[in-house]
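A, B, C and D are the chain letters, set down in written order, and residue numbers restart from 1 in every chain.
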Amino acid sequence: MADEPKEPKPPQVPTGDKPASSTPAVSTPPAKSADASAPAAPPKPAAPAAPKPPVVLQTPLANEFVTRFRAKFGAALLDAIEDRKQAILVVECVRLVEIALHLRDEEKFDMLADLTAVDWPKREKRFDVVLDLYSFPKNERLRLKAHAEDAEEVPSVVSVWPTANWQEREVFDMFGIVFSGHPNLKRILLPDEWQGYPLRKDYDILQQDTAWVRENLGIESGQ
Amino acid sequence: MGPQHPSTHGVLRVKLKLDGERVIGSECIIGYLHRGVEKIAENRTYQQFAPYVDRMDYVAAVSSGLGYCEAVEKLLLVEAPPRARVIRTILTELQRIASHLLWLGTHALDIGALTPLFYCFREREEILKIFEKYCGARLTTHAFRIGGLQYEAYDTFERDVERFCKDFESRILEYETLLTQNRIWIGRTKGVGILTAADAIAFGVTGPVLRASGVKWDIRKAAPYAAYDQYKFEIPVGTIGDTYDRYLVRMEEMRQSRLICLQAVENIPAGPIMAKVGKVLKPPPGEVYHAIEAPKGEIGYYIVSDGTVMPYRVHIRPPSFINLQAFDRMVRGHLVADVVAIIGTIDIVLGEVDR
Amino acid sequence: MMNAILQATLEFLKLYWAPLLCGVAIVAILPLIVGYIVLVERKLMADMQARLGPMRVGPHGLLQPIADALKLLIKEDIIPDNADKLVFWLAPVLSVGAALLALAGLAIGPAFQIAQDINIGILFVVGISALGIFGIVLGGWASNSHYSLMGALRSSAQLVSYETAAGMALVSALLFTGTLNVKSIVLAQSKDGEGIWFVMLAPVAFFTYLVASIAETNRAPFDLPEAESELVAGYMTEFSGFRWSLYFLAEYTNMIVVASVATTLFLGGWLRPFASVPWLNFLDFVPTLLMAGVGAYCIVRAPKQPARVQQLFMLAVAGLCFVVGLALLAPVLVPVAKPFYAGIHGGFWFIFKVSLYIYFFMWLRFTIPRYRFDQLMRLGWHFLIPLSIINVLLVGVALIAGAYFNLKGWGLLLVTTPAAVIALVVALLILNAEKERNARQNQTAASDFYAG
Amino acid sequence: MLDKVLFYFFAAIAVASAVLMVTRRNVVHSAIFLITALLATAGIFLQLRAEFLFIVQIILYVGGIMVLFVFVIMLVNLDVALQQIQFARQKWVALLVALALAAQVGFMFWTSGKMAGQGLPVLTAVAANRLLANSETVAHSLFESYLLPFEIASVLLLVAMIGAVVMAKKRT
């Protein structure tokens, strides 16, 4: 059971050592879609199985919480979706701190469970900064997403939830997203002088920071 | 305190700013055990990535495995059959007891009590034997599969679990007699590393550390998963949120887990152990965040799928990594000897902190 | 000039050949004894922790101490660079020297005593063992690493403060004997003296001495200096191989010294329990029964040994036990061996009590966790020393009352037990005064006697 | 005969270590030599059958005061102390004082030799049991004939201790 039959050779296993610049050859370039984070209808790879009808699970979310939110922030709220019964609000990156304060104080989302980022190299607003909130009184979860360009500064929410401190440092370490207003934004997991941001899609898995390896370990990388 | 320090549960380096004996500030330097799990996830299929999850928190491998499998099941909009869910609950609760036993042993050893360590390991050995009989591995078990279970419960499974739970009751009393009323133990833990409820929530601390500060919150009750909704158990809550409260909360949690196992073992429903899930998993595009109650706290999986065989992005919310942030707040104003006790009481595993 | 020195040595030998011989014997046997105490400790620890302990070297690990000693001798002797050579060599020697010298003052049996009952007996032992502190402090300083220096200062601070408490506890016991001479102290507890052990007359003193002696030998809950996680091995970190074993020997010899002082002063030295009570004379047979029991156990275990040589070894041990049992039986039954009774039985009881005392040390070490340094200091200064001083006063008052009503022996109990009760009440008063002070002053501002 | 040899042995150690103590550059070494000097004098006390004084010397001087000395040496950081030159200009003044002292001691020996029956105390080997136990005599004199000065001295010590505690309290 363990090794599933490999008929559709996963394109990911690189035949040759492709130069890092090309995106992982996922043959389905995610179509550009303004709103949802996920491509609306990715054309299926020429899998031998009959292409299943593309299943779309994102249904627009319209409950009184969203209307109250839209009334307060209007333009800042770009989209409200529900994916697999989990509420997602896509908001403008600039007013993130203000929205965060509002959510924590009025809407009682007092705990930031998780803060991370997703890299969509195809889109011009490349990064998704994803915040998972949880409210103890209402026992509800909410996911906040903000799109950010490559060199764009995302306002840091450390002032709202101190727990974001290390998580933002990790996102900076892995993606290179700069959080303005962060107390001491420097690498947390990788050595400080490490070049490159590993979790970006264009950072090929085999690529080590050859300079760092040669300088510190004194061996050619990959040995 | 360097990375190879005997009492930092792994490779954690702590820079302490001291004024004589008193700690003024601290900075944790982590990353020594960083293996880039999330990058690997983007180049593995959903089934291939499951064993990596065990290697993160190697002390509570079963519960991280459960979290990952349930997250992918949510992604696939698939539900594990009832029999699989009950067996999963039993194994996760046994893993919680094993993880707390390891914590108790090493924590007591740091503070100087030599004997509890051996008592705890004797019990933990029993649990690891059950895991070994069930799925062949003791520590990084990879016991669950996406959609259910790989192996049927071996024939004496119920009897083994029942026998373990029966005599575990007297064992906990043994630890209690050694430590709970011990004046020196109380002297070393009472009022050490206090974390108020407000600070705990602000620092996103979860699990026993949060409950010891007085916040009554447990994902098994708040958002029941697997088969937790079928069983009665309480959530122990502390008052001041010092090391002694955390000790009491974890001891009580072990008792509650034992009760859950007993209730679950009585009637394991018959039926299939695997949902109808194809060999090649291609979850429809979209994303999901699924969190469960690991022994150290809330472990969450944020998985984004782009419809292909491999996840587009997997992010793991590690409880130890986030609980460690509260370390600086707890350690201020204490003596150097307390730093060791405080590291022990947060119960961190470096594999999970560094990922 | 030469014959003057020759003549002097001859004169010296004529006068003091006996103590010289005993001294050499003690120094030779001691490492072996210490080795076996360590083995017993590891076995006990294992037994309490549901495991077996050293089993590999010799039957039931009986040869383990010899293996350890050999290993320590062969180990490379590392001296940290730019450490002070002279002091580095001197420190362990000083420490062992003080411990061994303190042994000289003690009386194992009525006849067997190295320093022929010097007049200041107990004071000599306490004074000399105070020299041990130098071994620790200089050792810490000589290995010029910041951590071992801190460890050394901490352990010497601990030793100094607990010595006062131990001294006071001894004083309250000495009030009964009136003299410092070891032999007369024990006689005071036998028939022709008070006829009752001083532990009954001054229980609080015994308790304070017990706690203070544990702290003085850096053991059990007070073994902070070397067990502190960031001080690694305290002042002993830089010493390796033979030098380290010297410190180790010093620690265990100190333990023996402290145990024998307690037995001589409180538990009636080499006296049989209830020596003065005639109808309890059957107790004389206890030693032989004990030895016979051990011998029988060895015989029963012998066939189970895997290797042939181990079986022989066990049988030999059993034989040894029986011989000792017979030796202990002889003076009781055979009238002609009567005069040896005091020597042999006395020696047995003394060793028996010392080993019980050391067993208690070991038992503490395995069960209870360690004190933090400031708690340890506070316990010493705020609790033990005031308690022992007050106890001296109370015992004094009790003695005067006793003399007034001219009570003798067991009668004294009437007066000393109320004194002990008052002392305990005072102890409780001190304790909850501590609690309030603690509650008021929050945990962080714990007063640390030795703030760095 | 034995007493003479022992006496000269202890005396030689005492003098040698005293000289070494003064000349050593390393502070800890001089502390160690001071300890040996004190122990040697204790040996001489023992020779004079004054064992109480012997053990008090050890407990008080070596066990008490010297521990304090070594503590202070450890706590104060040594490298600063080593920089200053030890013997500035006082070398000549020291010599002068030493000579004066030597003259005075010499005069004392010289005159005592003249007085009949005084001379150097000649040690006669006295059988141990006939000698009155030393600690009892010390105790009798201390608590009977000189009780008042003893009490005053202890009060003085108490005052000194309290003073030290008060000073220490202010600093922390």
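What we mean here is this: a residue touches a chain if its C-beta (ideal position, glycine included) is under 8 Å from a C-beta of that chain, and two chains touch if they have at least 3 such contacts.
Since this is a predicted model, take the numbers as computed values, not measurements.
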Pair sharing more residue contacts (C-beta pairs) when C-D is set against A-B: A-B
Gap in Å, rounded to a whole number, between the CA centres of subunit D and subunit C: 31
Whole-Å gap between the CA centroids of subunit A and subunit B: 26
Approximate Å spacing (C-alpha centroids) for the pair subunit B, subunit C: 46
Inter-centroid spacing, subunit C versus subunit A (mean Cα positions, whole Å): 67
Touching two or more other chains - residue numbers and ranges from subunit D: none
Numbers and ranges of subunit C residues touching at least 2 other chains: 451
Topology of the chain contact graph, where touching chains are joined (line, ring, star, complete, other): line
Chain-to-chain touches, reported pairwise for every pair that qualifies: A-B, B-C, C-D
Footprint of subunit C on subunit B - complex, ascending: 1, 5-7, 20-22, 108, 110-115, 117-119, 122, 178-179, 182, 184-185, 187-188, 190-192, 333-338, 340
Touch list for subunit A against partner subunit B, complex: 1-2, 4-5, 8, 10, 12, 24, 26, 28, 30, 37-39, 42, 44-45, 52, 54-58, 83-84, 86, 88, 110-114, 116, 118-119, 130, 132, 136, 139, 141, 143, 161-163, 165-167, 174, 187-191, 198-199, 201, 203, 205
Of subunit C, residues touching subunit B in the complex: 45, 48-51, 221, 224, 227-230, 365-375, 442-444, 446, 448, 451-452
Touching residues on subunit D, where the partner in the complex is subunit C: 1-2, 4-6, 26, 28-29, 32, 35, 51-52, 54-55, 58-59, 62-63, 66-67, 70-71, 74-75, 133-135, 172
Contact footprint of subunit D on subunit C as seen in their complex: 4-5, 7-8, 11-12, 15, 84, 86-87, 90, 118-120, 123-124, 126-128, 130-131, 133-134, 137-138, 140-141, 149, 152-153, 156, 160, 180, 451
